[in-house]
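Think of it as A, B, C and D in the order they're written, each chain with its own count starting at 1.
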Amino acid sequence: MKVGILNVTGYAGSELARILAHHPEAEMVSVTGRSAAGQRLAEVFPHLAATDLPITEEIEESVDVVFSALPHKASAEACGPFYKQGVKVVDISADFRLKDLPEYESWYSVQHPFPELLEDAVYGLTELHRDEVAAAGLVANPGCYPTGAVLALAPAVKAGIIEPNVVVDGKSGVSGAGRGLALSTHYSEVNESVRAYSIDGHRHLPEITQELRSDGVEPRVTFLPHLIPMTRGILSSCYADLNPGALPGGDAAAAALFEVYRDFYRGEPFVKVVDQPPHTKHTLGNNDCLVYPAIDPRTDRLTVVSAIDNLVKGAAGQAVQNMNLMFGLPESMGLETLALYP
Amino acid sequence: MKVGILNVTGYAGSELARILAHHPEAEMVSVTGRSAAGQRLAEVFPHLAATDLPITEEIEESVDVVFSALPHKASAEACGPFYKQGVKVVDISADFRLKDLPEYESWYSVQHPFPELLEDAVYGLTELHRDEVAAAGLVANPGCYPTGAVLALAPAVKAGIIEPNVVVDGKSGVSGAGRGLALSTHYSEVNESVRAYSIDGHRHLPEITQELRSDGVEPRVTFLPHLIPMTRGILSSCYADLNPGALPGGDAAAAALFEVYRDFYRGEPFVKVVDQPPHTKHTLGNNDCLVYPAIDPRTDRLTVVSAIDNLVKGAAGQAVQNMNLMFGLPESMGLETLALYP
Amino acid sequence: MKVGILNVTGYAGSELARILAHHPEAEMVSVTGRSAAGQRLAEVFPHLAATDLPITEEIEESVDVVFSALPHKASAEACGPFYKQGVKVVDISADFRLKDLPEYESWYSVQHPFPELLEDAVYGLTELHRDEVAAAGLVANPGCYPTGAVLALAPAVKAGIIEPNVVVDGKSGVSGAGRGLALSTHYSEVNESVRAYSIDGHRHLPEITQELRSDGVEPRVTFLPHLIPMTRGILSSCYADLNPGALPGGDAAAAALFEVYRDFYRGEPFVKVVDQPPHTKHTLGNNDCLVYPAIDPRTDRLTVVSAIDNLVKGAAGQAVQNMNLMFGLPESMGLETLALYP
Amino acid sequence: MKVGILNVTGYAGSELARILAHHPEAEMVSVTGRSAAGQRLAEVFPHLAATDLPITEEIEESVDVVFSALPHKASAEACGPFYKQGVKVVDISADFRLKDLPEYESWYSVQHPFPELLEDAVYGLTELHRDEVAAAGLVANPGCYPTGAVLALAPAVKAGIIEPNVVVDGKSGVSGAGRGLALSTHYSEVNESVRAYSIDGHRHLPEITQELRSDGVEPRVTFLPHLIPMTRGILSSCYADLNPGALPGGDAAAAALFEVYRDFYRGEPFVKVVDQPPHTKHTLGNNDCLVYPAIDPRTDRLTVVSAIDNLVKGAAGQAVQNMNLMFGLPESMGLETLALYP
């Protein structure tokens, strides 16, 4: 299976290269970059020294699947033609995530270059859309925050334990902000500090809302992301009022809640309902999403905490998981790595 | 003014020593420790090399005021006799914070050694209880999380913009867990990781609830603390539904909200309503609490973020601020230090 | 191939478990711990959740090879009997590293429980002792600092470019200090700080000296380790006077030096002579040692910098590399993982 | 005393503003910046919120002293005219540090705009040039690395204990690389990694060489700087062969060495010879340089470790120390702050 990567030079792109280098069935044959075009992959990324591919401006080989780690709009522009030629596409950008075109164009302040493809695209939160992903030619890989938040909340919403009326407090490592330079990711500014950002509205909000929408109930989601002084990891702390009577009272409530979550994710290779609140470190470098649901009996609120590696389950890992499905491979192929601890 | 510090050897105690060493009117004359008794302060803490005091088991000099940085119960046991002898006391432990004795004994699983003093003790969140602090002989210095959370929420609750029905997502640096050794504060476990803890109930919850209670409305507070890989700082992200009609609609809402907060904290030397979401780094080493209120117009929720240094405004700094008031000194004396940036 | 791990509960032990879980030919069948005996591996280490082994006090299964991650002395006591029964042993402790018994007993202040085995033991710095390791029944896995330092210096010493008269300035992440609690590895003490330690002599010094000794020239090694606020990684910066005339003059010197190093490590799967000074991050989680030799033409000194992951090439990875050799497996088996970046 | 700061918007400039805001005799009256001109200081730096000065393109007030935190060349261009008008100047850039014009022009690849002022300029390593600084109109504030290295080595060189034939291994926090954006200071690249840089020669080398030169002995200095994942602090580990017979033999050597260092720095307010190897954290935010000299009896080498805060004693703090001397003020004025710990 021949693979191309568009824009390998960011963190999502290089993480794709790292994962695919270990994949037994996929072979990277062409990778692109912009400023780095003309260099070799090994020059730009010493950790990929074994991968001696040139970085080119365009995909220069025939490929079976293309991953795009380009910025929005540029990504759709590049992915559209591949898809139309029958090449399978996993787009890590936001371009095909939102089903509602005006919403996309409003949040991203651009005109969509291929609006007609939105219908074909499948939102690649694998656990919620597995069958569609398997049949898809164009997968919109979810944002990192929505991956953690939706996996944390979907079981409770779908079981009717809560309404989709939630607060999501997201805490992300700095690699989520990419490899582009900015004062907000300058070491001395970020280190030893925590802050909220995008308090007026983060672009991942409409994804969360879209995925928690069901049966005509319009979600009411407050999402506030925070930047944490670490490289990788997202912890999503989610809060919602419990629907009265949805769970048994007293001590049985927690057990019933766990049962709902365990049922929902039974058999999942990557989503694990855990016994203790997870540390993001427990997912470092692997494709797991660890979910811990809890009840606050003093307030009858649900609290769910989930942990992922933003570059793996939140980006490149999930993309490969989706690729596996699209090609009929075992879903976990190339993704069995244990987390790196400590 | 002669000052004694009980248990100078933890982080709150050593921070008191650092701040008092700069204080123009206070003179540390006696400091205690347990395991370190017999050593000199400068041996245990190289940054206090200029302070050549012995660490003793008991306060060995006559003092006008005692700060206690002892653990709970031990602190009350030590503070009670000083207070009864007429020495002013600022207790940084939790022992005199909760007005409700059974609540204290239930959360802390101990019997209170001096329950009769609870009535005399003043909860030392200075900005909310300034006059009582000025008149007090025994001040219960607030917990670090309650300081940030209550300062963030009090203006909105008191103005009726929200009910005291809130979610508080707290993010703390590791020094908040103290200087005692534990796997949960072992460097390699904490570094590059975020996690929630005390998800079943943190001891700072009843303080927040107590301080947001007013006029018979029982608060409903969900408080979830998180450990962040940094040494100092607490960011409190607080969420609540807006009371309908409490603010003007549309674009005027944010301005009106800011006005409420600015009015509430007008003239305060340490609480500052800021124009941008604060970074905890902006309070590093100083006594400020930076508060940023915002409205989420999509959900009609209030979001307030506050930043403090957990060891200063969240502990030793506020303790000195309270001491200043108790002795009729200018409230800011010895606390004018700017934050250390970057 | 059945594997046992003695003391799986430290960082070297858990890293062994992580690596062996990925190994195609080795199967962990029994793991021991002391305080954690009775728990399951997955309880103590969430990242090993897939490995459902009990932690026992003793190895409870028949094994082909035992890894010991016990502290010194306890390790020899436990390894000796296995070796005598014909089980192959890789000892990660220091007990069999030093050929000189008095030196061992002086540096470690203990009596060696099996001095007669020192002769059988092979110092497992694989690249320098490959044939002996392949034939060995008892391998003394090198210390983390000696691994980085000796791999950096051996080519120059053996080529006669320098005498073994060197300064080694080592910089290690905190996981090298283990999982045991100490103020010196308490998060708030270590974070945002660098310091030298063991300035009077570190136990890894005699290993470095032993391995740089050759042909009767007694090495003269000053080794100063430093603790760096990061979890994994060792950078070894090594300095020595160039032997006059050992390299061509002028611009040709650097090329000749590189040639010596490239020749020395030609074909090595894990030691790589790199074109740019390495970052420890470039080895995060993998078994590489990256070496960069340079000449300071202003002083005619050699400077060599090497980077490793202290828990992989500096401990568990090299142990598995040695095991592979001892069992006639491909040396890289189970160790092909790329570094995790960023 | 009216003070102007050229280029307040970098880390050295903002640190000057922080320190001067606390200074009892100095008043900042004008600060310049380039990209930030037109904004107010408080907008760019929230921690300086109390300082409501506009950032202008040029110094717009009459001043008694100017600090320059401009890049090299631009700094000399700006400082020269002030000095010629009789305004005292402390230049934090490198422009007036090197007495040898060709050396400056070769290391910095520029033509010096005011070579005739090199003779007037005093190298402001205060402890070594106190009297000249007091009489100077133009002080060249030392580089951060040379401050730590020269203070560590000068006592031994001047006492004849060693020749100026040394290895200096420098370890710096990231703020030393400034506030300008670069991949090498991008959070995710720097965090959890250590590396050497400028291995072919760092611009601070000739400063170290200049200051260790004495009586015709040409120093032989190898200096290798390293980037450490922390914001502030420099640890300098210095190595040199002891001159035979310069110290008494055996156990008396260490005591004699300490005596030399203690004598050299007796009465110094900021340089402290300490009993234990210093942590950079022990100088966080203050103007101290902590020096620990040791002997390696196995090799007859001297090892000296020093710790400073690169932005204080290594930049802005030493600049204010020099200003105090130039104006006849107590040398410690405004610099008494204790280090922030932990």
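The criterion applied here is as follows: contacts are C-beta pairs under 8 Å (C-beta built on N, C-alpha and C of every residue); 3 or more make two chains touch, one makes a residue touch a chain.
Only a predicted model underlies this, so the values are computations on that prediction, with no experimental measurement involved.
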item: Comparison of B-D and B-C (more C-beta pairs in contact); value: B-D
item: Most distant chain from chain C by Cα centroid; value: B
item: Centre-of-Cα separation between chain D and chain B, whole angstrom; value: 37
item: Whole-Å separation of chain centres (CA-atom averages), chain B against chain C; value: 46
item: Junction residues of chain B - those touching two or more other chains; value: 11, 173, 175, 179, 188, 191-192, 229-232, 278-279, 281, 284, 342
item: Interfacial residue positions of chain C with respect to chain D in the complex; value: 167, 169, 171, 173, 188-189, 191-197, 199-201, 205, 220-222, 224, 226, 228-233, 235, 237, 239, 277-281, 284, 292, 294, 296, 298-299, 301, 303, 305, 307, 342
item: List of chain D residues in touch with chain A within their complex; value: 11, 173-175, 179, 181-183, 185-188, 190-192, 229-231
item: Interfacial residue positions of chain D with respect to chain B in the complex; value: 11, 14, 18, 21-22, 45-50, 175, 179, 191-192, 231-232, 272, 274, 276, 278-279, 281-282, 284-285, 290, 336-342
